[in-house]
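Next, two complexes with chain A in common: one pairs it with chain B, the other with chain C.
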Partner chain A sequence: MNVIALSHSQDRDFIAQVEKESGQNVSLCYQCGNCTAGCPYTFVYDIPVHQMMRLLQAGQKEALLSCRSVWLCATCQSCTTRCPNNIDVAHIVDVLRHMARREGYSTEYGVKSFVDSFLESVEKNGRAFEMGLLLRFIGKTGRFWTDVDLAPKILPKGKLSPLPHKVKNPEAIAKIFERFRQECQK
Partner chain B sequence: MKIGVFVCHCGSNIAGTVDVVQVAEAAKSMPEVAFAKDTMYACSEPGQQGIIDAIKEMGLDGAVVASCTPRMHGSTFMRTVARAGLNPYMFEMANIREHVSWIGKDKVANTRKAIDLVRMAVAKLAQNKPLYSQSFSINKRVMIIGGGVAGIQAALDCADGGLQVVLVEKTTTIGGKMAKLDKTFPTVDCSSCILGPRMVDVAQHPNITLHASAEVDEVFGYVGNYQVEVRKKATYVNWKTCTGCGACMEKCPSKKSKDPFNELIGTTTAINIPFPQAIPKRASIDRDSCIKFKTGKCGICAKVCPTKAIDYDQQDEMITEEVGAIIAATGFDLMDWHVYGQYGAGRYPDVITSLQYERMLSASGPTGGHIKRPSDKKEPKTIVFIQCVGSRDKSVGRPYCTGFCCMYTAKQAILTKDHIPDSESYVFYMDIRAPGKMYDEFTRRAMEEYGAKYIRGRVSMVYPQDGKMIVRGVDTLAGAQVEVEADLVVLAVGAEGAAGSAQLAEKLRISYDSYGFFMEGHPKLKPVETNTAGVYLAGCAQGPKDIPSSVAQGSAAAAKVLSLFSKDQLQSDPQVSKVDLKRCVGCMKCAITCPFGAIKETEVRGEIKAQVIETICQGCGICTSTCRQGAIQLQNFTDNQILAEVNALLSSETEEA
Partner chain C sequence: MSQKLRYAYYPGCSGQGTSKEYEQSTRAVCEALGMELVDIPDWSCCGSSPAHTVDHRLSSALSGRNLALAERLEGVSAILTPCPSCLTNLKVSAHKMKDPEFAAEVNALLDFPVRNTLPVKSILQAIYEDVGPDALRPKAVRLLTGLKLAPYYGCIMNRPPHIMEFDDHENPIAMDQLMEAIGAEAVTFPLKVECCGASFGVARRDIVQKLSGKLLDTAASNGADAVVTACPLCQMNLDLRQDQINVANNTSHNMPVFYYTQLIGLALGMTPSQVGLEKLEVSPMALLESLPARAEAQAQAAKKPASKGAQS
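And now, the complex of A and B:
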């Protein structure tokens, strides 16, 4: 294990930024571990959630923004529900994921690509267009065979239409995206 | 009038953010002020001597000390003033520490506010009158509420000290929570073997009157002279004739009655003596379970009782006890752990509380000292202990550490190995809190000699699967989730103030916190006193504590009562209300609003007037604000004095404008 050089690598601005964006007080965590105890995704995490909280208290920005766990969190909020100190842990992980994205990290490229493909599809059609989403995702990742085994089940149910079913006024949805981008630039 | 003003630096506590020299300088120009000076520590020996010297040399009539809160040193300086030969009530305090220097950093603004507070104190002092205490006699009996180990210790110490003691216990036996325990840490000696003889001492002591199955209904009076109304709850057995033979218990057909002594893991008979060593060893009937009370038919106990002690028509009896002091030792209850849905919230029979486990370990318990899990009565091989259930958990409103769970969990892990040698114990903990003589060594022994597996982390859920309880938690030191297949899960449930403690606090006129614990007079210097004179605290009623601390506090409270009763007369606080007979119209509104019953009606030359009983009046001032005529005034807090303070404040504002 690496030495964490607390005298040199504690990024207090990073802690303050996470606290500001999440509205949580990071110092409340006393490391009981109940977040990890209940987390259903620990089995795929590289850093369990209580250790993410610990690294956050120590201001370890690089370790947190580059980890896989922030992308793999499903935001089920078990951690938030179990926290004895009422910390909204899931919100903090959400903030970390946004920060990672802003700073150009994509440690779990597949997760990031799927989310991007989904949102692009919604922006264009006002709702998810499955076939389009699929093609975008394959285009970004080259994972042609992902979930292809589901196709025989889905196709007869009309879930994979070749053409998008747009909502009545997709421009209104697109405006939401536009407004979000403007807010982000401020 | 010649007033002296003394402005304290309090080291840098005040002088750091208040220009004390400037405050003293400003005081010199205030009306009636003949002397003003700053002083490094007014409360120190040289500081007090400086005040005395100034009073004597300058011939001062009164003193204002601008320093800390009067709660801290008000009485200190009153004694100083008295030593200089003045009446101690010719003294005022301006609080320029808690109200000024500690709450603001702006030195200019602080100094201005400090000058204002001194100006107000001077204006008030100019109208102070010398007051004189009255002596009143005291009743040297003491009431102890709660017959747990703290109350027992306090009762025995007071009784050995020659006082008459009235011990009031809510349940039908004394002993409290300690009587339910199997063994005690860190010596693992038998709880009832060390407590039992003390309980017997209580029963046999000539100076102790024991009222079991009794509760305090109302409290009247004041320090030295309390009248306490005690409700002796009906037991439906005449305790004067009952011999505790137990024949009724053998024959009672209602054998599935709730057994609160055994924490509901066993059952008892509707008429019962809670446990063999109960004091008083007398039977009582649980109305809710008794067939006679439910259907009117039965009456077997009355038939078998050799002394004809059964009395189905017994009623609650009210008695009044007159005492001079009261010790509240009402103990604790477990917090309601049913809020923990993730641990089953009471739905799983094999998830039990630590106190229930204690009854299982006890040889006189419902399982005869054999550990059997409630669902199938089988001996468990894997036992999981979960600590901090209702401790250090803000999400359930219990942010404090109960403090003794770490120790009793270690004890239970050790006892488990003794009872079932091929068992395995797991303890989920957050931090091990074991400060105390031989305490940490004890928890280490649980791990090193008894093989208890301590896992640092909390448990997120417990659920049943294939006859086992699956415990899913975390080992934060390994950084991984862990799962244990347990046969039995024991929750170390935290403590809160005993049920009904808030209501009792209100009767005793003492403060309590949101967890039902009584507030001590000072967290460090008055740990057994309360803010009501003559009412003291002992044991877990004041806050969670283990047996040695409870016993120590019981003795401490007894010592306080013995020292209070070492005098034959007490001095009343003369800062009480006084009636101006010329103004009083005899409407008696003051008597209605007085919370202490300190105002009585009297007749002066054929007219009705109010009269204050000085030894009862607590100086709260409610009568003053009630009286339309301004006839009843709290001495040295008169309307005119408060107006003088307001005027002093306003005069400084007009000066600035």
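And now, the complex of A and C:
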């Protein structure tokens, strides 16, 4: 069992910030465990989702922002759908992931690299370009063997275009990203 | 159906690539069912999962641009998309933008604001609610009798229910009923809304192998010949990655994974190439060719007890 000295380590500002960004009341969780029971990802999590909720109530910022689970949640909505107290748990995990990113954590580097590759592709082309984002991912991670076994299967099907399907005016999409970054700096 | 069915259509990025056959069969089926799809002019990526894992304003802005473009179209009753991931993003952003403060933050990122005037629905919901299984049944010229399907909806088509507002969130039945309307059988499939491993295939393939493997195992053990799905990512994980799954889990599945629109198209009399069956990795052709014999056997089996009853 993990024992935490709350009087020394409870970060109340952190709890307030998560509640503000997620619009959820974290004290509503009474640890029934329904979220973890239905979560398909518990087998790869270092902290099961009901324990993330408990750590959040205890204001354990470092433990939460540095864990693998925040990166491995797929937002499948099982926890949110089945919470008897109507807590949007998946939304809370999303917010924890935003905070982890902002504070420079990348505990699951491959997952973060995939997300970054995807969004870079969208910023450049206005649409996700599958072949391009896979190459970006390989470039970031050095994982040259990623899905090479799938190439002979998918290439003859003519599904993967070697060139992006761009929008007419990709600058319009790039501007959304640009304004977003400006807002973040404010 | 006295009113003309006319919708704004958001195809989604994967429809231009890995799910071309979904896009092709969706358009063909909608046309055959009298549903007019008006493409959202110069639509862009909704942001998919990556955007909402980075920031909700960014995600809603990427989706919002498309909502705003669709709102400029005339005479459309809703925005439709075949892809559950696009659907979730478009619906979540419309939902969150009901909050004026959040809407202002998102609109500040856009060239022109979202008015939030059109409902967003999946193609599945529109076919189910605006056409319906009863209207589909008489249009089927080729019943898929004998075909046993595991109906797989994926994790976000119906969840969370307060945002998706369609069908049941634990046991959805829309696709089951559409498949039954075209003669196929929907087998019991308890993992209808379980996650397939989503977009972790590239970064953490082990996750997809485990979760999608469980889906294929369960479909097979419930007697399904094939899986039918409504999601490009689910389809890709189950179909394109089926060999990877077999190697990792020491299984030998050879299970076709259809888009439900491909099967409706076939039933409406379209050819395999019109619905892009050749684009599937696990070929369904042997299975489909076995259907007439199976249907015959089923008909014979159904006759027997009746004739026995008549004799006695």
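Following the convention adopted for this analysis, the second predicted complex is superposed on the first by the 183 of 186 C-alpha atoms of A that agree within 3 Å, B and C clash if a C-alpha of one lies under 4 Å from a C-alpha of the other, contacts with A are read in each partner's own complex, and residues count from 1 in each chain.
In this section, a residue touches a chain if its C-beta (ideal position, glycine included) is under 8 Å from a C-beta of that chain, and two chains touch if they have at least 3 such contacts.
Just so you know, these numbers come straight off a predicted model, no measurement behind them.
Superimposing the complexes on chain A yields a three-chain arrangement in which chain B and chain C fit side by side.
Of the two partner chains placed by the overlay, only chain C lies in contact with A:157; chain B stays clear of it. Contact with both chain B and chain C is seen for A:78 once the two complexes are overlaid on the shared chain.
Of the two partner chains, neither chain B nor chain C is touched by A:4. Once the two complexes are laid over each other on the shared chain, residue contacts for A:97 go to chain C alone; chain B is not touched. Shared-chain residue A:48: touches chain B; no touch with chain C. Seen from the CA centre of chain A, the centres of chain B and chain C span an angle of about 80°, rounded to a multiple of 10. Set against each other, chain B and chain C touch different numbers of residues in chain A, with C touching more.
Of the two partner chains, chain B is the only one touched by A:37; chain C is not. With chain A fitted onto itself, chain B and chain C come no nearer than 6 Å, counting C-alpha atoms only. Common to the chain B-facing and chain C-facing surfaces of chain A are residues 78. Across the complex, chain C is touched by residues 40-41, 43-44, 72, 74-78, 80-81, 88, 90, 94, 97-98, 101, 108, 110-111, 113-116, 118-119, 122, 126-131, 134, 137, 146-147, 149-150, 153-154, 157-161, 165, 167-169, 172-173, 175-177, 179-180, 183-184 of chain A. Contact residues of chain A toward chain B in the complex are 30-34, 36-39, 42, 48, 50-51, 78, 82-86. Residues of chain B that touch chain A in their complex: 342, 388, 392-396, 430, 456-461, 472-476, 479-481. Residue ranges on chain C touching chain A, taken from their complex, read 13-14, 16-20, 42-45, 47-58, 61-62, 65, 105, 108-111, 155-156, 159-161, 169-170, 193-195, 197-207, 210-211, 240-241, 243-244, 278-279, 281.
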